[in-house]
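Alright, structures below, take your time with them.
Next come two complexes built around chain A: one with chain B, the other with chain C.
Up next, the complex of A and B:
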């Protein structure tokens, strides 16, 4: 049963991953990527990591829906009504990626991997939580700071007009330079 | 299910993502390629945890780190696309090659 499930999910992950770069419609592309992520989440669940599998499912569903909005915003041909080919250096990319796969596969098959040490804890989620709040606290704090920096950086990058555009480089302009007046006119 | 099978799957996902990241002209599609590469890393980390060191938690922590990296990559990527598009109406990598040496 597990083996059948593994093969189904593995093939699904690869096929949907490949379809991402083959389909014409942006909406279909986004949902193909989502399907690939869900298959990987299934594999993570299959390995007994219930919490991480659930996190991947929840995060990727939200992320791909947000992504679909951006795709339709920025890209031509969102509905896939005409064939689309937006590639550069297709042959070179294919050669590099196939070469990478061959090298990785050779390493995977040739290396003498160490045997299994230890057994999974009865509740891996508890073990993960204790690690993150104990020995891996530094990792968790770094991730927190990185996420906060991301929030600040994305807001700064995506802002159209910041305070320096409105009030000058020294922020001393008497009136904000706004394209449209607002407020009560004082 | 063996470690090798999981790692081969991870390598396959990584290679497909690499192909996309290298060949796509649209910046958004390029980011999809990067996400697929990280997707492969998740599979590999989870497989190492299960098949090599299930007693420890390092594999699980690595999955957490990769998931965070995916979220950060996506958020910053879209912010950069937004800034670039606002400045120059560009959404293709070929039009944003100013730093190409």
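Up next, the complex of A and C:
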């Protein structure tokens, strides 16, 4: 049963990954990539890592839906709605991607993997939590702050409106002049 | 505790379908009574609608993306059923996953993809507006929602739903974390684009994401939306309302009573309040609700640490 599931999910991951280059609609491509990721999440679940598998599903669905919107927004042709090819330099890109896949797959099959030492922890979720919030706490905190700073910096760089546009030259306007009203009435 | 036997997998859609049916009929009766007519005829209104949609022809639009549209419509009920797999019906769920809360969250978020795909699939401007509206609304409700369910898991020190129910033996979580419960109810309505959060399928865009749906596609989409609402409401019971705990009645009886109460609250919410635009709700969610839920989580964390 597990072996059948493994092969179904593995083949699905590869096929949907390949479809990303074959389909000609930006929306379909994004969701083909999502399907590929979901198959990988299924493989992680199959490994007995329930928490990681569920989190991959959660993150990938949100991420891919947001990405679909951005991809369509930034397409060269009108709104990305017309059929389009998903690659440039067809021969080169095909050679590189198939070549990478073959090299990695050959590596998996040919490397003399060491035998397993130790046993999996009784609850992998607890082990993961202890690793992240124990020994790797500093790494994770730094990563979190860096990511957050990146988001803030990107938004600041991307927007053409600053606080002077919102609150006037002396920052004394009683109500911010925003193009879209919010729900809190600032 | 443990899990229900394997055949409960088959029972789950039937039970959820029956619950959905009850809510639909109740809502239809209320609507008929409010309009001044007799409520009796509205009781069979869901049956008539299902028959009509099953027999109805599928309408297609020019250059429609049938693959994405069809997948999206089918995905919504499937996501609701998968989310319900960890729902304790009485005492035991179909699958008692160790990361049950995260599983529920991951399955319920599939609605993002489903609604956007349906909105995109029909190649209609109104449908697309509806799809985009739901994603914007998702950005508003999802983070407060995650903090709310995390708070329940934090209070029980477990992501397993049966453990969360067990932790409420003495005191229901709704007493300890009222803010998280209120936020959960709001996001339950928002994730099923229900009540004041129905902008993605609102009348001002002629039905939004569902504008061009017809026949079986519409049945799957609308039915899936109702299923999602019922599952989200039912999940409030193990998370905040003590699960099947209560005197006299068996566990499943209390679960049904409490779920019905939560659903009644959501129905009332829809009939009482006008549609909230998602741009307004985004700011409210990020400026007010997220800080509130974080403070709530902090308070619960302190209580847990103090008790340990």
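In the analysis below, the second predicted complex is superposed on the first by the 146 of 186 C-alpha atoms of A that agree within 3 Å, B and C clash if a C-alpha of one lies under 4 Å from a C-alpha of the other, contacts with A are read in each partner's own complex, and residues count from 1 in each chain.
The rule we apply is simple: a residue touches a chain if its C-beta (ideal position, glycine included) is under 8 Å from a C-beta of that chain, and two chains touch if they have at least 3 such contacts.
Given the structure is predicted, the values throughout are model-derived calculations rather than measurements.
Colleague: In the superposition on chain A, see if there is space for chain B and chain C together, and answer fit or clash.
Modeller: Once both complexes are aligned on chain A, chain B and chain C fit side by side.
Colleague: Which partner does A:105 contact after superposing on A: first (chain B), second (chain C), both, neither?
Modeller: Only chain B is touched by A:105; chain C is not.
Colleague: Could you look at A:123 and tell me whether it touches chain B, chain C, both or neither (first, second, both, neither)?
Modeller: second
Colleague: Just checking: does A:40 make contact with chain B only, chain C only, both, or neither of them? Give me first, second, both or neither.
Modeller: first
Colleague: Pick one for A:180: touches chain B only (first), chain C only (second), both, or neither.
Modeller: In the superposition, A:180 contacts chain C only.
Colleague: When the two structures are overlaid on chain A, which partner does A:67 contact: first (chain B), second (chain C), both, or neither?
Modeller: A:67 contacts chain B only, not chain C.
Colleague: Looking at A:55 after the superposition, I want to know if it touches chain B, chain C, both of them or none. Which is it: first, second, both, neither?
Modeller: Both chain B and chain C are touched by A:55.
Colleague: Between chain B (first) and chain C (second), which does A:96 come into contact with in this model arrangement: first, second, both, or neither?
Modeller: A:96 contacts chain B only, not chain C.
Colleague: More residues of chain A are touched by which chain, chain B or chain C?
Modeller: Per-residue touch count on chain A favours B.
Colleague: Could you tell me if A:8 is touching chain B, chain C, both of them or neither one (first, second, both, neither)?
Modeller: A:8: touches no partner chain.
Colleague: Between chain B (first) and chain C (second), which, if any, makes contact with A:31: first, second, both or neither?
Modeller: After superposition on chain A, A:31 lies in contact with chain C alone.
Colleague: After superposing the two complexes on chain A, what is the shortest C-alpha distance between chain B and chain C, in Å?
Modeller: It comes out at 14 Å between the closest C-alpha atoms.
Colleague: Same chain A residues contacting chain B and chain C, which ones?
Modeller: In chain A, positions 55, 66 sit in both the chain B and chain C interfaces.
Colleague: In the complex, go through chain A and note every residue touching chain B.
Modeller: 2-3, 6, 10, 13-14, 17-18, 20-21, 29, 33, 36-37, 40, 43-44, 46-49, 52, 55-56, 59, 63, 66-67, 70-71, 74-75, 86-90, 92-94, 96-98, 100-101, 104-105, 108-109, 113-114, 116-121, 124, 127-128, 130-132, 136, 139, 143, 146-147, 150-151, 153-155, 157-158, 160
Colleague: Which bits of chain B are touching chain A when the two form their complex?
Modeller: It is residues 1, 3-9, 11-20, 22-29, 32-33, 35-36, 39, 42-43, 46-47, 49-57, 60-61, 63-65, 67-68, 70-72, 74-76, 78-83, 85-86, 91-94 of chain B that touch chain A.
Colleague: Residue numbers of chain A touching chain C in their complex, please.
Modeller: 25, 27-28, 31, 34, 50-51, 54-55, 57-58, 61-62, 64-66, 68-69, 123, 125, 180-184
Colleague: Spell out the part of chain C that touches chain A in their complex, as residue ranges.
Modeller: By the definition above, chain C touches chain A via 65, 67-68, 71, 97-99, 102-103, 105-107, 109-110, 112-113, 116-117, 120, 132, 135, 138-139, 142, 159, 276, 279-284, 287-288.
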